[in-house]
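Once you scroll down, you'll see the structures, which are given as structure tokens.
Two complexes come next, and they have one chain in common, subunit A, joined by subunit B in the first and subunit C in the second.
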Partner chain A sequence: MADEKKVGAYICSGCGIGDRLNMKQLEMTATRDGKAKVCKTHDFLCSKAGVQMIQDDIDNDGVNQLAIAACSRRAKVEAFNFSDVSQTRINLREGVIWARPEGDEHTETTQEMADDYVRMGCHEVKAMTVPTGSDEQPLVKSVLVVGGGITGLTAAVESFKTGYSVTLVEKSGALGGMAGDLYKRVPTRAPYAEPEETGVAELIEAVNAADGISVHLNTTVTKTAGAPGRFEIDLSTESGSTETTTVGAIVQASGMKAYDANQLPEFAYGKNADVVTNVELEALAKAANGGSMKRPSDGKEIKSVTFIQCAGQRSEKEGHLSYCSGFCCNTSIKQAMYFKESNPNADTTILFTDLRTPGAGGEDFYRSGQKKGILFSKGEVSEVVPSAEGLEVKFNDLILGEETSMQADLVVLATGQVPNSGPDPYAAVPTKEEKEAAEASNTVEISVESILNLDYRQGTDLPHLSNGFTDSHFICFPYETRRTGIYSAGPVRRPMDTLQAQDDAMGAALKAIQSAENAGQGRAAHPRSGDLSYPLFRKEGCTQCKRCTVECPFGAINEDERGFPQFNESRCRRCGTCMGACPVRVISFDNYSVDTVGNQIKNVDIPDEFDEKPRILVLACENDAYPALDMGAKNGYHYSQWARVIPVRCLGSVNTVWLTDALSEGYDGVVLMGCQKGDDYQCHFVKGSEMATMRMSKIADTLQQLNLEEERVSTYEVAITDIQRAPQLINDMADTIEKIGMSPFKF
Partner chain B sequence: MTEVIATNQTILVVGGGVSGMTAALEAAEMGKKVVLVEKRAFIGGRITQLYKYFPKLCHPTCGLEINQRRAKMNPNLTILTLAQVTDLTGSEGNYSAKVTISPRYVNENCTACGDCAKAVDAEFDNEFNYGLGAMKKRKGAYLPYNMAHPQTYVLDPAMIGTEDAEKAKAACKYNAIDLEMQEEVLELNIGAVIWATGWRPYDAAKIQPYGYDRIANVITSVEFERMMDASGPTGGKLIRPSDGKEAKDVAFIQCAGSRDRNHLKHCSRICCMASLKQSTYVSEQFADSGKSTIYYIDIRAIDRFEDFYKKVQANKNVSFVKSKVANIIEDKATGNPILRGVDTEGYHRYEQPHDLVVLAIGMEPSLNEAGFPGEVVINEHGFIERDESNGAIFAAGCAADALDVNRAVQSATAASLRAIQVVNRVAGAEG
Partner chain C sequence: MSELNIAMVEKYRNSFLHEVEANVEEGDWVKMCMQCGVCSGSCPLGSHWEHSPQKLFMMIRAGKREEVLSSDSMWMCTSCYNCVVRCPREVPITHIMHGLASYAKRLGLVPKGQQTAKFAQHFWDNLVKKGRVNELKLGLNLYFMNGFAEGVKTSLKMKDIGLGMLKTKRMSPMEIFGGHKVKDLDGFQAMVKKAQEIETARIEKNMNA
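On to the complex of A and B.
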């Protein structure tokens, strides 16, 4: 590749572009204003011949910076696929001719739009260099699995089967976890009729037999430093010895804790030995091993048992779990079958409000339970009290609508799963009063002991989503983690049964291995998978203000002892939030920087005040708002001829200097379009949109200093489906400018 | 002729819905060669026809945009649309798959400029809108929907041989229309298969007492979903098929075709959450003048979905009736469907008219045993079982069980790892 940068502008006249725009004029703009060394027009640029024309110039003419003026960057991606050159797309089709109506009265302004985009594109690409990938870390083909339960065992075995070595850490003295304590599990195969073996013993055997899996019992992770491809893990044993190991990626399978049923005095738990939880019942069943089940209080054979579903769950009462644990309905059916196994005449009753046995297997298992004579009754239990025969369960029969009761030898509480996650790095710090109130009311305590002890600027553990679970926030991306290279699996992520936990372990193992591979090749992980750019940092300008380290949505950036940021390239997701945060603009990417966008802003032609031609800068999220504008244009939803739209990786990457530059250069309005923020945020970089909104709230001061009206800058949440609304928002700004008048900063 | 390079280190993914797409992308991003075969003219599957996802109420096309970008950027992935696997033989690490590709009549020259659609007059029912196709037709030359990937138009086969087809061809400046295009059959050598053929809505007409085929204002949940699309059959309005009147009083019938010995025995898992979600559409459109009534057996809002259930329960405009609706009759004068049954909480009979009835329609697996081109264990519900004898054919998503999107993606990621393990072994053996 030639050292010298040589811009080639290639303009397509197809799809009606040539009919609507003056191609000669565009060529002139590209060479004269855009300083393109080569400029060619083609009437079908995405054709083999068109693409070849470009490739020939790359090969023979040293063109290494392509400004391709054609359709949107979302179209014909496969055709315009050139390696080892910088490239940008100038959106003349969706962004100009489709965004504007036909007609002579529009010709001039449509042409101006196109000319501006050609200038912008040429100067944008000039500021780019071809990214080469981060080489901060090697390919390390190993995974750390934290937790030796069914999830961790599965993740370990499957990672090993995929060619990775595994360090498996278990804090107790044995593998198997809670699933290992089960007598049997809910069936995982048709006909889904009988409880089946857990398979945990076989998994342990497989782990022990694998020479690539090293098992560390009675061990915890006391420090996790580094990044994907170079995680340094301190493993400490109970005896106090510590060893350090290097791994490529991490699966956190720290599992669940049993719910503390002492929170349920109304069900006589802790007061009467014959009230047990579903976890404790497994021990009774294991002891009976297919023989008759014995009552804890007196060893008498249990002839009647009542299961209370949702015990301490789906309830807003203090100390209860607000969520449904998902597994308990099937588990109670399974456990009722334990009784039927030894004594088909045992009375087994399940009291429920909604019986939740979803899927094919769930419903079959429910039917199998009914066939075996398990009684299902819709009822809400109020109290369990001792009686002459054993226990009296008082409940409201929801079918008959009356208070009633039943006798039982044993009561089983279908209690829920509590995630064994570490402290949430983003938990609101409780006030003194809240702390005291919590202590006084004896509320459920979610583990505060760290699992990973991350040596990260933003906390020691994975962020929680809700109720202490470390689930992904995204429906389409269940493994989209907020700490690159660390994937949680099993009931620490979300309440789940053993079958789902095993699937989850496989999924997490894949993502962990994939992240180690990406790190080894210097590429980004999801959602910019394959991106070779990474944050570049000019240390001499840095003022150690720490905004980048605080605002990074992925906790990727640490600080060194002098307060300078350490970027940890393989932890980075390439959203550019750090670049947007930096007040002194020392952070950039090879192909996306303050200059690539700044150059575009500066190269829009700003007509003087008397031309009555305002300019509106639109910064649009490339994943949602920009496609919405594209699709809107395709569907005939036009927008203002004054708009100049620039796609951004994320609204979080928007540096306020772009706005102040634009406003001081005479733009009349600025519209920012990002994704939804708040609890149901849709920003795939988590906080980007929120950060941008926060920064924009402070832009009012700048506007005041410039003596400009606040309405000149608007920030919106735009969804990809807003194909009518997004163009409308631009038009609204045009209306606003018409009302308040042109910017006084025109030259 | 379509050229596809595949070896026994290639993974074949059958079905391009959210599960297949995920499995394919995850493997391709691990550096594996993947061929994705999709029956329809575009990838994305059923999620492309949804307005929002539960419980976040976000738009499926948002994640789809990311996945489609991943697909466009990844040289390891080959996507074949309008294609089906018609034969599959061999064993783990060495399968032979026959892929039949129907003619699209449009080649890769297509720029999606839309000139062909403008040129033709012929219109057809739009399958993208399920049974509501009659409410808004599509042209004979068409892009299946806004975000269709590939962004390549399609000619309806019924138009071939007519004057309209010639008009489409004449309108195309890029020589993209090929009326002579024929069905093609490819033979691919592959190492592992991910079967992700998803589901189809159960045929509502078979649920005789609910009158889907007789009463205009009884529709299915998937049709209801299409009404919310601003570019959909009703322009984004919740209206009644019979008279176009706003549907402000909507009944949702749960387990329509599911948990029923006469229909699908299994629970389709998604329908409770789907109806809870759709009740928010009614509120979104009509605020306090919109009413939803959910007739249910059990509300299966498991794990953290419970929060969403609570949120909907708190809406005073949504009510719940524990009842399996017995039958529906039509009030001929008003067009209102009248629901009849017994409320099991307190055992009283009801006969309740509503503006519109939405059947929370069951999920039927798309594969059927008779038609499965290879050898796998399929259970009585039509889902592929996990079984050693399946070799390296791994089910993902709703080919394996009735799953929601989140769990389908989880299942697909797991299936992807299984397939990767197989092709890794092949690579290891071959050095």
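On to the complex of A and C.
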């Protein structure tokens, strides 16, 4: 009995649905057109009794495909949670009665909308099967941490504390990294007045004491194969020996490189030994160990020091960093305190253009520096030149508006952080001309070493977001990278100080553990967390075109030697971009496929041309656009009665066959709504909406073949906050259709 | 240049900021300014000043001693306290302005003919005499501050207000003869004298230290 598909349609008349719609007719539509074997109405479907009614039918009547016509799929998720059955939600509340105004003149078209949605839902669920979850990988309770700096050490200790075993890989011969070379660090606790110990030594001790953390020094990762839950890692030592280990997930804490200050000749760096970077000053301070610091050039005691903020940063000049590294203001205050510690009368001046002291205690620390007599001057430094007494710093005083200068024994450049990331898989390939130009100008190509050596179809390392940082969309998905199960933490992700790096490490460790646990249960990671479906692939139909392997935003799909895709289920985020890409439609999910959406498109009633009732297909991303429409309707922003909205996992999953089908069946217009793409993308699947837009740019040909106007298809970027704009976009399409006329394809 | 001024220049050769910290009322706070400029933006008279408070503080830190002490900006402060209320660093800006003015006066660096400085002296003399402000005398002093002709002109201009005040008993013509005073005038004057002594001793100590 379980194998036989039996559709049950359950229609709720609560929340005003019963008042606005003809329930008898909806029932008839469900049974006659929707072929539902069971159809029941309830005036409070999400109540205990309503849910029990459905559960009883599942248990006793063999209903295994549910079409629940009530509120939006975003509401009452806990109530309508049935296991081992396929299920779809028909949105009569937000999608019909709230989306349309009340009044007799609207009754007919509102009812038509509801009838269509009921029909669509019943046919959608018929094309579904119950996903069972991928069993490709077991639960592997171990994490690989790449990098033994303060971030890596923290990630290792935190992972270990949760009961996971850790493999900690460090390229150099010692743990500690750059934070280990600091004399002291910016305070992390109240009263935020004095520099404090870095705590790196204690971390190293904790790592060495933990029997579940195996430390590999002088070691690099030479190969990373597999997927979350079954990563196979080759660890190679300097001497050449290689061992392989299996881990569940990976934290990449490869840290930062110091900015190369040789690009700052105007500040006399490299020309004068008394100009040092903030990294080099730590070595001086460590050597002095609380005593007075000596000038590198002649060993004289340093009595006056000038810090130049934003050295080679926040500047569009060639060789400079365009971004703010975020740690340097606090660091300069801290380093000025080093001088005040041994000699309270030392002249310490910080020349800044914009002083920023992030963190809970930043402002207190700044104040503490002022109280100690550190002088802060708003000025833009133009040049550092040698003088009789040492160095002359020439600057433009931005408050007094004049060119001036000051004398100093030592100048410290507050230089920034450069991420230590591997090569970007999506870096633009240089054109032939560019290559030739580079060769002609004799520039030495600096090859970036891979850190993870991923055995993936798409590149060896984590993709970059901007400036080489391996970040993701930092508001929506702060810890995500674009390779499932691999989390970056610390300054490789974005510029940060040690405290932020430690927080970041904890977050990344927890995400890594979550990812390993999800993989073990065959569930998706963020953002379709817990989804058990995964891409299924009909090999017989595949033409080895490789579009899916190229377009997957997460590099989840490898290729076998014959060019067939090899899906790595736990690397997959279930966006369906591969399904949208596939020209022969051999990729599908158990509960989301070309057919589930295709069936919905086909089961909209298309009135003939003379009825003057156009039909607009709206494919809305379920992450932002669909909620925006829901919330818009809730707030009284109505949209056209001709619209039929179908949620999609991501605009990237939209297969062009849906559009051609819709247009050739007589739809008058198609509106696609996805998330923002580009550098500031908000697409939950990074590249999905970009891919979709690219595909849609080519739909013009199809429209021409069908002899249809280009305006009939439009693609928009919609944010979740666009609750007024999203309905308006649908109305705009309705206006367009009124202008250009109905589609001639109505039969 | 006064002797004190010469001595102070010698003493604080390198750091005007230290001189201000030691000798100016609330001068300790100058280093806490974070150059946000809220004070300058809040000052109702800001556009009439040569140097805004923010600039004065920066000039102090930059060691522009002469320019600061001979500036007339701090004399322009009307003590509305807008800046103090708004300063995110809670710097007592108004007090520092008066402190700077007072220090500049002590050093003999007040710009010649500075009107507020002149009036301030009249106010002080008037107040110290009886321990109470004699409004009639203070008003007349103010009108005739810049000569007899101007005094007559101003008095005529203000006569209606004056008569109105007499009528409503807001001002007594009898004040012209001595006027009212505090209960213990000798005690009051001894107190002021002692305070002046303490302050002078402090500054002299700074000078000779």
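Keep this in mind: the second predicted complex is superposed on the first by the 725 of 747 C-alpha atoms of A that agree within 3 Å, B and C clash if a C-alpha of one lies under 4 Å from a C-alpha of the other, contacts with A are read in each partner's own complex, and residues count from 1 in each chain.
Throughout what follows, a residue touches a chain if its C-beta (ideal position, glycine included) is under 8 Å from a C-beta of that chain, and two chains touch if they have at least 3 such contacts.
All figures in this text were calculated on a predicted structure; none of them were measured in a lab.
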Superposed partners subunit B and subunit C on subunit A - clash or fit: clash
Partner chain(s) touched by A:373 [first = subunit B, second = subunit C, both, neither]: second
Touched partner set for A:530, first subunit B, second subunit C, both or neither: first
Touched subunit A residues, subunit B compared with subunit C: B
Contacts of A:404 with subunit B and subunit C, given as first, second, both or neither: second
Contacts of A:76 with subunit B and subunit C, given as first, second, both or neither: first
Partner chain in contact with A:326 - subunit B first, subunit C second, else both or neither: first
Partner chain in contact with A:355 - subunit B first, subunit C second, else both or neither: both
Colliding region between subunit B and subunit C, picked from 37-45, 109-117 or 181-189 after the shared-chain fit: 37-45
Set intersection of subunit A contacts, subunit C complex versus subunit B complex: 355, 367, 378, 399-400
Complex contact set, residues of subunit C against subunit A: 17, 31-32, 34-35, 54-55, 58-59, 61-62, 89
Contact set on subunit A toward subunit B in their complex: 14-16, 44, 46-47, 71, 74-78, 158, 161-163, 188-191, 314, 322-326, 354-364, 367, 378, 398-401, 465-467, 469, 471, 473-479, 494-496, 500, 503-504, 506-507, 509-511, 513-514, 517-518, 527, 529-530, 623-624, 627, 631, 634-635, 675-676, 680, 682, 684, 719-721, 723-724
List of subunit B residues in touch with subunit A within their complex: 18, 26, 29-31, 47, 51, 53, 56-67, 69-70, 72-74, 109, 111-114, 146-147, 151, 173-174, 229-231, 259, 265-267, 269, 298-307, 310, 322, 344-347, 379-381, 383, 385-387, 401-403, 405-407, 409-411, 413-414, 416-418, 420-421, 424, 428
Subunit A residues within the subunit C interface of the complex: 355, 366-367, 370-371, 373, 375-378, 397, 399-400, 404
